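Each structure below appears as structure tokens.
What follows is a pair of complexes built around chain A, which joins chain B in one and chain C in the other.
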Partner chain A sequence: MMIRATDDAHAMTDAAGAQRGELVRVRILRQDVPSGESYWERFEVPYERNMNVISILQKIAAQARSQDGRKVAPVAWDCNCLEEVCGSCTMLINGRTRMACSALVDRLLAEDGDEIELRPMSKFPVVRDLVVDRRRLFRGLEKVEAWVPVEGSYDLGPGPRISPDEQEDAYPLSTCMSCGCCLEACPQYTKVEVVRREGESEKDFEARRKAAYDAAFVGAHAVSQAMLFNAHPTGRMIADERMKALTRQGGIQMCGNAQNCVAVCPKGIPLTRSIARAGRAATVWAIKRLFDR
Partner chain B sequence: MAHERVLVVGGGLAGLAATMRLAELGIDVDLVSLVPVKRSHSVCAQGGINSVNALTRQQGDSEWKHFDDTVYGGDFLQHQPPVKEMADWGPKIIDLMDRLGVPFNRTSEGFRDQRRFGGTLYKRTAFAGATTGQQLLYALDEQVRRWEVEGKVRKWEFWDFLAPVLDETGRCRGAVCQDLVTMEFRSFPAGAVVLATGGNGLIYGRSTMSMVCTGSAVSRAYQAGAWYGNGEFIQVHPTAIPGADKLRLMSESARGEGGRVWVPRKPQDPRDPRSIPESERSYFLEERYPKYGNLVPRDIATREIFDICTTEGLSVEQDRLCVYLDLTHIPRETLDRKLGGILEIYEKFQGVDPRVTPMKIFPAVHYSMGGLWVDYERSATGGLVEGSFRNQQTSIPGLYAIGECDYQYHGANRLGANSLLSCIFSGLFVAPTLANACGSGSRAAGDESRLFDQEVRRQEERHRSLLARTAGVENPYGLHQELGTLMTRVATVVRRNDQLVPAYDEVCRMAERWTRCAVSDTGNWTNQNVVFTKALGDMFPIAKLILKGALLRDECRGAHFKPAFAMPGLKATDPVGRRQEAEQWCDTFEANTRRWLKSTIATCGPGGDPEISYQDVDTSLIPPRPRLYGLVGADAIEEVWKERSARATDHAGRAAQPAGAGA
Partner chain C sequence: MSGESPSFLERHQFLIYRLFSLAGFVPVGAFLIVHLLTNASILAGDGGRTFQSRVDMIHSLGPLLVPVEWAFIFLPMIFHAVVGFVIIANGLPNVGSYPYVSNLRYTLQRATGMIAFAFIIWHIWQLHALGKPFGGGRFDAHEAASSTAAVLGSTAVSILYCIGILSAVFHFANGLWTLGITWGLWTSPAAMRRANVVSIAVGVVLAAAGLGAVAGFRSLPADSASHGHAASAVHETLPPSSP
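Coming up: the complex of A and B.
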């Protein structure tokens, strides 16, 4: 049985079969410090209608007790908007990478097993419990120069005219919230964990960290952003720079075309279309470069 | 002093706009944020951003009308010069965001499309799908990332602002912040510090705001001596989706695109809403406000929805308050194109398709119109003097505030799609001020480090004493929930003195109980428990000033509604009686304006108890006039009011005095 009944006589049955006054069982993979040992801990929280994984974690924080009644430190996790636009609360829920805010308990219990399982993302170094360090994801955006290279922010009139079709093409790509689901699911995006050495200066450590990030696969999210900005009338003025970045080490050639990224994107962004476009553009760019020599 | 940096606290729209412009001015910026800046609460803004545009201009719109709608919608509680300046900047801000690549929706010709929002009759609102805030934030995030690569900006993400550092003259010299991962403390000396830390919805427990919106940074500045303005003015958004962890916003754009609010005429009619015939539905906003319909200003829509559920007992559900927000008459393709993002949110979190079934919604705490008091310098033309030291400066010299955390732009009620504008505007506009502030007060470096060391030690002590509190009896999360429930009950849609008095005492007791909160995590690595407990402690001084401000303000103005002091419409039906009542109504209105058209200023007294005083509002550009949306007898009152205004103008003209009416 996925939910253990309590003695609440007025339990009400919910659509998914879960009952009020019952307890939801959760298993969480915890880790106290970076590079530390991980361990499982079980919790039970009272079931509520319309509950999501965030409300489970909020209840765990409030009770700070494990299933067997031991006092334990609350589970650490990232979240902010709780409406799936900020990209903070990515984790592995019942083995699948997704956002904790939009993971509804009723559905989780219906789809899978006896209890809910929460694990931190595996492609990023764990900071603590479910909190991971996703700085590499943002480094990817720097690498592909994911911005419109405007001269400045003073008033120079409106931007370029853009057809509704172009806008409708660009908009979905622009809703990427840097959650990292596509990276977690990607076989080519493997974990890079750089630990500061004894006596290493902050600056040297930073430089070494960025170099390690840059050597590894940049990821679907960054490829898609590169395509977004290469399609923008002003953004494409530095299209060559982006193609250079995408064809360097860690670039588009590393994509193994597993297509997992598009399957797990919570926003339904057509990532594989972006990757295909980037692949074609890279070929054209390489040939052009050959002739330009 | 050479090479002073600016410290920007908060990386939402306002903080990023300021950072971008500062970097462009050649100033080095430290940008501190609780979350990676791309995850700031600005992403939650859905509907759009207001500005007069080429189309509305030809329909008679102007910057002045946008300004007028904003102050009228805000019940005249804002100082007018900053609002005028903001409205004047509107068109160039939209153009700028357009150039930065924001994918605004387009007309068939490729121009930016606009929609209509509440409190105006013009289609002034540019939008990017239903995630305009996200799109605007990303555009600024991208530019700031560019400056980060250039080395002009250094980001400190997952850092908490703990306190401003003031020198013996009371000028702000920087701040002390804490790394939320390693828990280390660090001094940030700065030529100027600007807070862009948003609203404080978490004081109400659940709201439409993100989890970082605790108001803690503002509270810390307030406790260090900064004044807080108009705290009692909290916007309750009319349409949110009730949820266990959060009340999720359903954007005003749902009504902007034709969404209709209704309840079945029969209380708790159990039928499927789609099978209830038109004649048995009450479209109560359209019925009561024929001119604005479903797009009345937010405070009014909120009150009506609240009222129809509580007073009239017409809530759709028995055990939960809600009304229908219906989009099902609009073609699916239109909805997907214009509202896709927000409809997905409803579908995702409620499991129901709002294109097919009417949504169930209810009001929720949404925006803090009040915030840190900030100054401005008025120009000769009634706008602001760009670059003046005074613009956006709090009562602590050298400490500035922009965006939702200042009190300056929205008065007693904010119009939809004006917040994104005020955030970007105040961020851009403050930059030259901050640049000028850098290097304006040099001092010996030795003194400086002593000041910072002192503050770091104080913060370390506070932190250590919290970690040592393991034996306490109070649970911080439980206490937070209690605070939220209380504040939601007494200080949202309807306020009553007989509730506010005991509520204030209750919050004082809660603040006392907070000192007995136990922390369940005593570690010193990514300790979210102690960070939350700290933020909770800082909610009480703000909760107190909200309650006290609300208690003392015996009137109705914008979002602050006290039924005991409401001015009802006219009762008489005969012309003479109506005229007489309208004259009396206007007399009362004028007396009330003289008494209450004032900013509430709270200063933090001993024990976090506020001391309240009042300041006159600069209404020199547009004389205050009654807000008559939907009032019975509005036409008669308006007639009397117009006659009086004409007389006042005439009189003022003869006396050669500027703008005498209503001040």
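Coming up: the complex of A and C.
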């Protein structure tokens, strides 16, 4: 039902086990250029045991032929670590945002029909096929200064001690890999695509793009990272800066508490806890600012 | 660049969204509780006397009633609704792709907000004095029970009232839960679960009060209803105490 039998000799020798010689059907939403038209293309690849979506894409690249035998350009995609830590291979697999490298074909076929569907993330501008431009995601981290400020020209000595309890609290947040699943699933995080205008200088365009990113919702990942670094004894030194960023336009107030972020995060990061903590910190911070003026 | 400078709403987004959240709780939510519990007093079983005395208490504000209504009910409600529509316009519900309970609640929060908004406008037109110039305003403060019962006598109207009440109650109870996350009252998953139980309980009690009141008005004994009509004829000759 999900995998079609064939007498393709190549597939016969390639695959092992019960499903040897069968083909996996894949449907991919492609796009040739940024802001271009998108179109569906179907592919068939021989099934192998323990395949994941990346290995499917590798096979498609190798054969560079669509299901109906036409020679087509290989599908473009992003990946790096292949073990769910780099966060680069996010895509919509059977309609749900997840990591291609850890999406196992056996499970996908069991969960959904006779075809695997791949689409680029919908909240970021497509560069080509399954490759998207996630600069807004990183701009969000920049906005909340998601780092420990230790830049300097001399040795600052060892940092303060962090208790095991604090470490336990912070560790899960530190596993964020900037994959953007939380943003893709968030109903409050909507796509911002800034297109360069005729005759606009590179500098003006950059400024306009950043301004557009900053005006829109910063996203659950950045809120969580702000909470991670505000809890860190050295990172806390710029806690006010982060609170300022979190309460500016596009800040924590944009969250609508749909809690999709926490449901889809591949690292299981307690994002809603971070969001509620940020809400509490923002409440306290806003009241303090009101009286300290 | 002038066209891209942030608007007032955008520059004060945090403050406005927080005031929006607060307004939904007090005074709008608080009013909803008082309103539904007052209405539920029709269930006292005394042909609407308790209800009438509660209404009299509210109307004892006399000339202050109108400014109090505008300051604590209408204006906050308009503010909450306007910001609410901006929020709805900026979101992109996706329960189809991510059918999780809290996501469904996110979507329902927006749907019930819009239903409640439409219902409240209709409800004000139908019963409040503001509706009088437009052919509504059928509530009579002196014949509180019977004039309300006359409107709810229609089954269609009663069904629409039940939908409106349930929407408003869901919107308030679910909003109570999200408000606690927004302001940071409950931050851990366990605390959110406990708060959820409380919110559901509040919702169930208010829904029971609201639906109970509709049923109560509909089952008012016919004689007290007719007595009401006779009495209201007497009142028509008196100057109206509330504008």
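The rule is simple: the second predicted complex is superposed on the first by the 279 of 293 C-alpha atoms of A that agree within 3 Å, B and C clash if a C-alpha of one lies under 4 Å from a C-alpha of the other, contacts with A are read in each partner's own complex, and residues count from 1 in each chain.
In this section, contacts are C-beta pairs under 8 Å (C-beta built on N, C-alpha and C of every residue); 3 or more make two chains touch, one makes a residue touch a chain.
Keep in mind that this is a model prediction, so the values were computed, not measured.
Q: Thinking of the overlay built on chain A, is A:Gly235 touched by chain B (first), by chain C (second), by both, or by neither?
A: A:Gly235 sits against chain B, while chain C stays out of touch.
Q: Taking the superposition on A as described, I'd like to know which of chain B and chain C A:Gly140 touches: first, second, both or neither.
A: Touch partners of A:Gly140: none, neither chain B nor chain C.
Q: Look at A:Asn80 in the shared chain and tell me whether it touches chain B only, chain C only, both, or neither; answer first, second, both or neither.
A: Only chain B is touched by A:Asn80; chain C is not.
Q: A:Gly219 in the overlay: touching chain B, chain C, both, or neither? Say first, second, both or neither.
A: It touches nothing on chain B or chain C.
Q: Which partner, chain B or chain C, touches the larger number of chain A residues?
A: When the residues of chain A touched by each partner are counted, B comes out ahead.
Q: For A:Gly180, decide between first (touching chain B), second (touching chain C), both and neither.
A: After superposing on A, A:Gly180 lies clear of both chain B and chain C.
Q: Who does A:Pro120 touch here: chain B (first), chain C (second), both, or neither?
A: Touch partners of A:Pro120: none, neither chain B nor chain C.
Q: First (chain B), second (chain C), both or neither: which does A:Ile54 touch?
A: In the superposition, A:Ile54 touches chain B alone.
Q: For A:Pro164, decide between first (touching chain B), second (touching chain C), both and neither.
A: Only chain B; A:Pro164 stays clear of chain C.
Q: Shared contact residues on chain A for chain B and chain C?
A: Common to the two interfaces on chain A: nothing.
Q: Residue numbers of chain B touching chain A in their complex, please.
A: Residue list for chain B touching chain A: 20-21, 24, 35-36, 38-41, 43-44, 92, 94-96, 98-101, 103-112, 128-129, 131, 134-135, 138-139, 142-143, 145-146, 148-149, 181, 210-212, 243-246, 248-249, 337, 341, 345, 348-351, 428, 475, 477-478, 520-523, 525-526, 528-529, 532.
Q: So in the complex, which bits of chain C are touching chain A?
A: 4, 6, 10-11, 13-15, 17-18, 87, 90-94, 97-98, 100, 102-103, 105-107, 109, 178, 181-189, 192
Q: Spell out the residues on chain A that touch chain C in their complex, using ranges where they run on.
A: That would be residues 95-96, 185, 187-188, 190, 208, 211, 215, 247-260, 263-264, 270, 272-273, 275-284, 286 of chain A.
Q: Can you check the complex and tell me which residues of chain A touch chain B?
A: Those residues of chain A that touch chain B are 32-33, 48-52, 54-55, 58, 61-62, 64, 71-74, 76-88, 101-102, 104, 127-129, 131, 134, 138, 141-142, 145-150, 152-153, 155-159, 161-164, 166-168, 170-171, 174-175, 177-178, 229, 232, 234-235.
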